[in-house]
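Chain lettering (A, B and C) follows the sequence in which the chains are written, and residue indices restart at 1 in each chain.
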Amino acid sequence: MDSKGTQLTIAEDTRPGSTLPFTQPVLQAKRLVKTYGKVVGLDGVDLELFQGEVLAVIGDNGAGKSTLIKCLTGAEVPDTGELWLNGRRVQFRRPQDAKHFGIETVYQGLAVSPALDIASNLYLGREIRRRGFAGTVLRMMDTKLMRANAKRELDRLGISTLQDVTVAIENLSGGQRQAVAVARAAAFGSKVVILDEPTAALGVRESGQVLDLIRRLRDEGIPVILVSHNMPQVFEVADRIHIQRLGKRAAVITPTSHSMTDAVAIMTGASSG
Amino acid sequence: MSPKSPQSSPATGASPASGTVDLATEFLDRSTPLGRVRNLLHRYPALSPGIVLIVSLIVFGIVSPRFFFANNLSLITQQVAVVGTLAIAQTLVILTAGIDLSVGAIMVLSSLVIAQTASQNHVPAVLALVLGLLVGLAAGALNGVLVTRLKLPPFIVTLGTLNVFLALSLLYSNSASVIGQDIPALITNTGNTFSVGGIGITYGVVIMLVLYIVMAFIMTQTPWGRHVYAVGDDKESARLAGISVNRVLLSVYVAAGAILAIGAWIQIGRADAASPNAGTDLNLDSITAVVIGGTSLFGGRGTIWGSLLGALIVGVFRNGLALAGLDVLYQTLAVGVLIIVAVSLDQWIRKARN
Amino acid sequence: MNSTARRSSARRAIATLSIAAIAALGLAACSSSGGTNSSSSKVGVALIVKTTTNPYFVAMEDAAKAAAKKDGVSLTLAAGKKDGDATTQIQAIEDSISRGDKGILITPTDNTVNSAIAKARKAGLYVIALDTAPDPANAVDITFATDNRAAGVAIGKWAAAQLDGKKAVIGLVDLFSNQVASVDYDRDQGFLAGMGIPLNDANKNGDEAPSGKYTGGKGGDYVIAGNQPSNGDEADGRTAMETELSKNPNINVVYAINEPAAFGAYEALKAAGKEKSTILVAIDGGCTGVKEVSQGIIGATSQQYPSQMAQLGMEAIVKLAKTGKKPTTSAGLDFFNTGSKLITDKPVDGLPSITSAAGTQTCWGN
């Protein structure tokens, strides 16, 4: 497979929700390249994410999934290539930049602070300060408001197992921690929510809850990028599937156009899609 | 997705697959009385040092009738003032999972600058204090820059700057101390007492307490305080949450420097002198206070008030044993035992999640 | 996690806690039985030395303990964690006031303990400085000490006589470079004065002319190779001597602040093959040092008497408490001189000395 062969054009029928009018992608990456010394992480990758879809990114270990996600979220800076958000060229030099544009990410490894409570974690890095003197001069946080908001956000996402937002993260199960991380992304991700292997450490039941959360986000109109190893889950929830292979995009398929076997064949290079 | 903390994997494996999950029963193991105690200590880290302090006050009160004399209580607060102040700075650094071996050296350097400029160079007292503060800020900034820019471990950085600042102190002072009568009254005033209910309180102790109140407020009520905890808890998580880790770390060391300069002012009043040899063990003493106060050396856990309790416990033990006529070596022994107990307790509390 | 593991970790924690509790209570208990009882009529005395890592101060403590037993004094011992630890001394002074002691015997670290001493005197305690006079000397009621300058003069005279008119190349192994202590300059400058070398400021090390003529013994030319700090320590003494030897390999007279430093200097000289040709003098008279004199490692040392200081100090406070009589200073000095004796196995005419064999009878430490 030569490099040109991977540059698939997006066929009309692979776009989600054919009821939607054809629009520009919400988030688009063009020819991203990222190398670590001599190791090529990304070798000219393109990616498009459209309004109201769940785009799954799959690929073998070392195919460049995590690197791609990091470049989309500012955790890594690509060597070359462009990022476009709603038709505007953007550059992310650190995670704050992506957050600033409404891109929220749940990283592999959670990125929550175990000793802090749920509400503090939801608002970590963007604490709400009180109004007036206490907030502006004394820089006091409005803990009460943040807790109330956190509670509301969890309720909105249907996370019923987290009733007390003052419980420290370390007291939660893996699924509950994941729920907090997803809730944080959902609460602040006004444009895009990206989830990197959100169910890897979870049991069946907890995975189901996270997949429900993903669907709920999509239903609210927020496009989601889901990186996962778990093929059944991907085919259960994704609208389109971006297949990454050897640092390049090998193909973009949909759960209806291809079977899981097809997807694995593309991932491993047995088929070019 | 692999959870960061090792405790969580067994928890995940054991999580029940039926019904709604009840946090209270599943994760806050309240099944045994011991478990309840542990959870309480986990939730309120200042509780165990608080209990130790009260118990030791009672024991020493019984052993030595002079222990509760007003003069003696006043004495304990005075003996704790400098270490207690340095412990605030140390707490900040330890909360970020760092350690500052240079606290004593920075305090000494700052105290010498204050005393010398005021006595030898006849700088007005207020200006001398400002100069001391600037020295503290600069020294803290140096630590912070080395930790954040050169990415060196804080232990190594402050081990280096400890020696640098001590040498600077000796060079600057010509190894001579400045005695109180040569220093303007405003500066040595921190050692003067006023009486509250018969107990003499020095202004230095008041300054220390004010610092505790201010820092406790900042750590619990402001975004910055929360970011300090987050950075110490998990640096990468904090970074991904959008916190500028380096900026937080740098500000912690600078803030520590400012607190140490205030500590220098208290020290001059306390000793009624500024001496280049005053602070040699204060780094370890301040770490002792912080650790006994329940702050975890691994960062992210602990309270400012705990360190005051820690400093008071050490002060009460030393004074109580001295009043009972025991050799200083036994005091050192007792403090050593206290440290080990405190750290064991911390480990035990943190195992609560297994 | 399974419950047995949890239970065993809990058991371990309980065990740790109970050990700590027992230890703390044990300390408190033995203190109440063996320590001071302030309500009794016993005279309370605190002995505060610089550090207990030095056998010199241990000798003081032992003598004080013996005297306390004899006179029925309740004695509390305290010491800095290391040389220069004024903070611990200040706390010990304050604790002594709180305890209601009658007097304090102290080897003051430096003048930063002065204001604590002043507090003690104001509270009615009688404060005696041992070994080292504070600066200023009137910060305490009286000092019981060796006349360090006289001790230095004695070894200086002895060294000059041994030279027999040869040129002296002198290495000075002092105590500190980072602080000024009277014992440091009294001994160093006393030694030089004994050699008959003109001093500049008699209370300052290293400011005399680096070369010139000495008048002691038969007189002759001298060169001072340099001053190096030893912290009174063997390892640092060796480093100090090595530094001086690399500055001037012709050194043939070495003064050391005390015997451990002298032994360190000896090792450096031996490594350079100069231990036989060099005259090595020190001050202290510890048992190890006296033995080194008998072995010819150290040429001469001035023996001082720390046990005397502690014992006489204790007696003075007891006497004051019982009769109200205060001790007085030695004639011509601003302190009570507990004396020193020159110990050498190569006596010089006109210079009183005792042999190392005799010195062994009166030495301190082991």
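By our rule, contacts are C-beta pairs under 8 Å (C-beta built on N, C-alpha and C of every residue); 3 or more make two chains touch, one makes a residue touch a chain.
Keep in mind the model is a prediction, meaning the values are calculated, not measured.
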| item | value |
| --- | --- |
| Remotest chain, chain C as reference, centres from CA atoms | A |
| Central chain of the complex, centres being mean CA coordinates | B |
| Intercentroid distance (Cα basis), chain C paired with chain B, Å | 35 |
| Chain A and chain B: spacing of chain centres that average the CA atoms, whole Å | 41 |
| Length of the line joining the C-alpha centres of chain A and chain C, rounded to whole Å | 72 |
| Multi-chain contact sites of chain A, meaning residues that touch two or more partners | none |
| Footprint of chain A on chain B - complex, ascending | 1-5, 7-9, 11-12, 15, 17, 20-21, 23, 26-28, 217, 221-224, 226-227, 229-230, 233-234, 236-244, 300-301, 353 |
| Chain B-facing residues of chain C, complex | 1, 5-6, 9-10, 12-13, 16-17, 20, 23-25, 27-28, 30-32, 34-36, 38-39, 52, 74, 76-79, 81-82, 84-88, 90-92, 94-95, 97-100, 109-112, 114-115, 176-180 |
| Chain A residues within the chain B interface of the complex | 75, 95-96, 99, 105, 107-116, 120-121, 124-127, 129, 138-141, 143, 160-164, 167, 170-178, 196-206 |
| Of chain B, residues touching chain C in the complex | 10, 14, 34, 38, 56, 59-60, 63-66, 69, 71-72, 75, 78-79, 170, 175-177, 179-180, 271-273, 275-278, 280-282, 318-330, 332-334, 337-338, 340-341, 344-345, 347-348, 351, 354 |
